[in-house]
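One chain, chain A, appears in both complexes that follow, with chain B as partner in the first and chain C in the second.
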Partner chain A sequence: MSTLTLAQLLAADPGSFDAAAQAWHALSDNLDRAGEDLIRGTRDLPNAWPEGTASQGAHTATEAARGELSDAYNPARRIHQALDHHAATLASLRSQAQGQVDAARQGGFAVDVGGFTVTPPQAHTELAAISLEKRAQQIVHELSDVLGRAQALDDSTATAINANLPDPVTGFGQRALPPVSRADLVAMKGRDPKQVDDWWRSLTPEQQQQLIRDYPDLVGSTDGIPCLDRDQANRLVLRDDRTALQQREDWIRQRMAWLQAHLTGGTASDQMAHHAEWARLNNELPQVEAQKARLDRLSGKLDSMGGQALLLGLDPAGDGKAIVAVGNPDTATHTAVLVPGVSTNLDGMSGQIDRANQIRTAADRTMNGPGQVAVVAWLGYDPPQMDASLPTAVASHRAEVGGVALDGFVDGLRATHGPGGDHITAIGHSYGSVVVGQAASHGHQLAVDDIVTAGSPGMDVDHARDLNVGSRHVWIGAADDDPIGNPAGHAGYETAVPIVGPWIAQAEDSVHGPSPQGDDFGANRYHVDTHGHSGYWDRNSQSLANQANIVTGQYGLVTLDLGSRP
Partner chain B sequence: MGAPDEFAVDVPLLRKIAHSVDEVGKSVDGAVGKRTATLTLADGRDAGWSAADALRSGATVWETFLSGLHTRICGLGAQLSEAADRYEQADADAARRHRMRGD
Partner chain C sequence: MTRRAAVAVLAALTLLGAASGCGGKEEPLQTRTKAQVESMLKGYGDAVAQLVGGPLTNWATVPAPCEGHHGETATDGRFDMTGNANIPLPDDRFVATMQRLRDRWQQQGYEIDSFRTLAPPERGGIMSVRNPADGVSMTVQSTSTGGAIALIIATPCYHPVPGEHPVD
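Here is the complex of A and B:
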């Protein structure tokens, strides 16, 4: 791990890394050209010297030389890319750090970059001293943040260089590559997805496959790793979890049979222990069966989608989480991320995938051809359920946690997207719109182009502009008879939800901020012709068509009840 | 390189190929010679950077590899060139024998 200090960061010279990056660029170009020249120059060798006993060695050596040049090009290019990114990011980080140091000094703080200490200026009152000390700690925190990013960059670049070195004897052709450790992967998790993407691409295909094989849970859940690789890893997680559950079930059944046969034998103490264990296992068995069944349902759903679905996240713990893309977001021109609301869990994932598919099908119809749209059913958070957790629906804690996860996931989509159009829309349904609101505000910057809600109880912001995508890119929809999305309908909770409904209805009116459907919220209101809280994706509906047109950026085709198009 | 075999060999074309291979080998050598200094970092303001250390040691490994690659490709060009020489010589010897037999 990098041990870079603040003083070293401030003293660094991005120009020297940039110069090295250009040299590696030239080298990779040279190798590419040399490879092409060798192929062109030796193309006629079989005609000039037909293959036979005498010429066999020359033909073999020619093939080997072609292979060596070809194999060397990509590693040289990857080092160039790593250094290029390193130089640009270093310049930015150093500038940020220098700016923070300069600002602190102008404010009278003494900054010792060698010892990494910030001392506040003399204060005239105790209150002022406390305030200045707090500010000094904040400055240290801000500098630590920049330094941490520089250390992460340092690690990532060093890894990229070391992963692309030739073997002194065999070059790149037959080299046994060093495996990448779990610690390397853990260190990447949670970093800026762009850094993760750079690091991942710096690995050789063999190293990437090794990580997917050895640590599928980490690969599958790390934002910044390309979608196809995450899918491959998560399907391994799904298979392994299913196998583990089956083994547990088999063991429980065998153990229960043995205990059943020994309930009456042995000492009284043995009998009591056997009864207690049998009862415990009898309680566990249906839970294991239920967990296994829901993984089977998800697996069956993925199978039924053929190659159209990508499993971008899976966590069977608790109520379960899953992220499934219909289409490939890394190659799609338009991607939507559908965030579900209350009572969604792994059991209901099939329904979410169906909704994603409905949106995609409708969006595809508006395009020149299929394959340009991907829609992600994103259950990457823990929504309140129709159980003891339901009252949490009127609080924002789950949405806050979910918002952070959603923000990171979308940053990951941006980082791994290939060349070409990259238009992303977040669609929040019900409590999912609170998650979207949290991800797009409160210090977060959800990297989407458009935000759509369906049946939103509020978004934890006062105005559409607070969502940081521009008010004209916030699109609100609610059915007249939706008791949650319609401000006048919150009272519907009283009949829709037993016992705690009235309490929720009262809380909903204020807890998640003003209703986005309101005129004062400042968003566009798209026309909804469907009914209830869950009809927004009904086939052939205007509600669905409007969402599809927003997802594909065809704003002129959206029918509006309020507002104006971008 | 073994003895000339029974298949027809296009000596001028083989010599042209040998020349092309040699040029490729020289271009790899040129890449090393021209770039070595900048593939790594000059000693200076990069103390503490793991990336700088990795680049310095990595550049050395690459230089060794590229130098070897240059040697192998130029060696291949020389092999082809020698083969062309031998076939040319064999043709000349055969022609001389024919003349001596009065064919």
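Here is the complex of A and C:
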């Protein structure tokens, strides 16, 4: 039971507890990293060195070290959390107690903090004396309440620390905790990303690695899991999908060769069946080859980026989806999420990564030192393609679905971001700006600080304020000759395109709400000096420089054609 | 015709327009080695650092394929290069330094594309210039954390010398 006194509470130094909390935080982070490094570094040891007494000894020692490192992480983290909570709560309680003492003294009461007594001032009437005595008792009661809470805090912090200190003989132990089930992981998917982040960090490094190894598809796609872990999982998904496609291709080729050799043998029925199967496989083969080539391109692009790119999402089904960050959003001071538009798919992901890299490079070089900006190429939805789905560009359904996904993804970035600055900008290009509009309105609250559009056909809202970030934080850009983003450009279709021109202009002018480029929309209009619908990220252009200064929060340096800076 | 069909036509036209090739192909380009361009950029950087009165820090050069007006990139080896760096500079000297740079560059015949300093209590500013003699452009601006300026130097597009692939 705590023996904390009022005098000790008033003299307490929350800063020293905060410093201790930070030290334990650093220790737990280092243990986490060391555990992951050890797991990664020794994972293939049994294959590389499978036999012999020395090998057995090495494996045993490795497992023991892995277990102990893994078991040390959570206790260190819990002590950090206990001290962090203690520092913040102690500061609050000390402030409350000091406020009560100060108020009492200003009212003429004598407060002896050492003896914990409160003496009322001299009263001139008996009635007043009774009233002052009651007030003195009330002050003692209020101070006792605060002191009681401080003592309870003291006890709970001591309990948390003692429960998590290593045993003098066995240390933190070497027994690995049981593996986490797929059901546990499934249950976390879709929850508030902050909850997911808390849960993920409560796991030991070995449990995290087990989940990444056993269920990479789920880990890689769950918002609230740290970016480095998602990247690790998604690269396994990429590798496994690539391997599966290669195996399928090999099997198809072998099977087709066999069928070819047996087209003329056997019964007529056999021959017909062989012909039919051969034709079906012959049809499937180029699709498999194309899918494989698509993953190869993505893989090659990631490799070409070195350690700069993180694969935060991958779904090869259909037209394919992928989320790639250039830089680490969990540690960056400024992060932008670039949402592409019509006709983007996995085949075009390299170009999106290049754009993200352009923005990152432009933004990063306006900082004092590199590495403080991350930009995410976010193809986490299914844009209309240049095929039968193109007419869906008129509708907002794909943007609605994409908006929900984008909202969750950004919440995930917020949840997993480490200490320090956390400024996030959403950049919507073309139909991507409709997705951003949906994510920031219609009951959603996209957790970004700024919204930028480039060549937007509309955002499914009537006014910039409907995007819930403040009108001054909505930045619209459209090239003069961009037929999608600039309403003036639409008019050109009325004369330039025979017959359907007026329809085009009308559809583009109204289908996704008023043009954000318009004066009545209420947004800032940044200066664009590039051309067409795809030039907004030309290197060394003012279009790009303006976006870079928004992304890094240097609003004063943005060249505006309309509006005013925050 | 329905709106859907109209938008389909619009999108098709837009993509056709975007795929029309790299702009500037017809312009005569000079031929440079990668080392020559790096050296030229460093020369610009050192000159700015001397004018500002501080060392170049975080100096980096990045070669890239030339870009057309619609963001399309050259695939025939044509390249340009960007150099960027920081130069330490106390915030209270920023505006005077920017004015000094502008005056000097005007004397040298550079075109001042933009010049803006922020009014207090904001701090900082941005200036973009271009040297018409060689097409090199420079941007100098304040940094978000202060205490330094960011310098960005960009070259025009060049042909590589035969056998060299500066972008690879």
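Operating definition for what follows: the second predicted complex is superposed on the first by the 379 of 566 C-alpha atoms of A that agree within 3 Å, B and C clash if a C-alpha of one lies under 4 Å from a C-alpha of the other, contacts with A are read in each partner's own complex, and residues count from 1 in each chain.
The rule is simple: a residue touches a chain if its C-beta (ideal position, glycine included) is under 8 Å from a C-beta of that chain, and two chains touch if they have at least 3 such contacts.
Predicted model only: the values in this text are computed from it and were never measured.
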**Message:** If we overlay the two complexes on their shared chain A, which of chain B and chain C does A:12 touch? Say first, second, both or neither.
**Reply:** first
**Message:** For A:279 in the superposed arrangement: first (chain B), second (chain C), both or neither?
**Reply:** neither
**Request:** For A:511, decide between first (touching chain B), second (touching chain C), both and neither.
**Result:** second
**Prompt:** When the two structures are overlaid on chain A, which partner does A:38 contact: first (chain B), second (chain C), both, or neither?
**Reply:** first
**Message:** Taking the superposition on A as described, I'd like to know which of chain B and chain C A:186 touches: first, second, both or neither.
**Reply:** neither
**Request:** Examine A:290 and indicate which partner it touches, taking first as chain B and second as chain C; both and neither are also allowed.
**Result:** neither
**Request:** Would you check which partner chain A:257 touches, where first means chain B only, second means chain C only, and both and neither mean what they say?
**Result:** neither
**Request:** Look at the residues of chain A and decide whether chain B or chain C touches more of them.
**Result:** B
**Complete:** Per the touch rule above, chain A residues touching chain B in the complex are 2-5, 8, 11-13, 16-17, 19-20, 22-24, 26-27, 30-31, 33-34, 37-38, 40-42, 44-45, 47-50, 52-55, 57-58, 61-62, 64-65, 68-69, 72, 76, 79, 83, 86, 153-155, 157-158, 161-162, 164-168, 171
**Item:** Complex contacts: residues of chain A adjacent to chain C
**Value:** 342-343, 361, 365-370, 386, 390-391, 393-394, 483-484, 493, 497, 499-500, 503-504, 506-508, 511, 530-540, 542, 545, 549, 552-554, 556-557, 559
**Prompt:** Can you name the residues of chain B that touch chain A in the complex?
**Reply:** 1-10, 13-14, 16-17, 20-21, 23-24, 27-28, 30-31, 35, 38-42, 44-51, 53-55, 58, 61-62, 64-66, 68-69, 72-73, 76, 79-80, 83
**Message:** Residue numbers of chain C touching chain A in their complex, please.
**Reply:** 1-15, 17-18, 57-58, 60, 62, 64, 67, 69-72, 80, 82, 84, 86, 114, 116, 118, 122, 124-126, 128, 137, 139, 141-148, 150, 152, 154
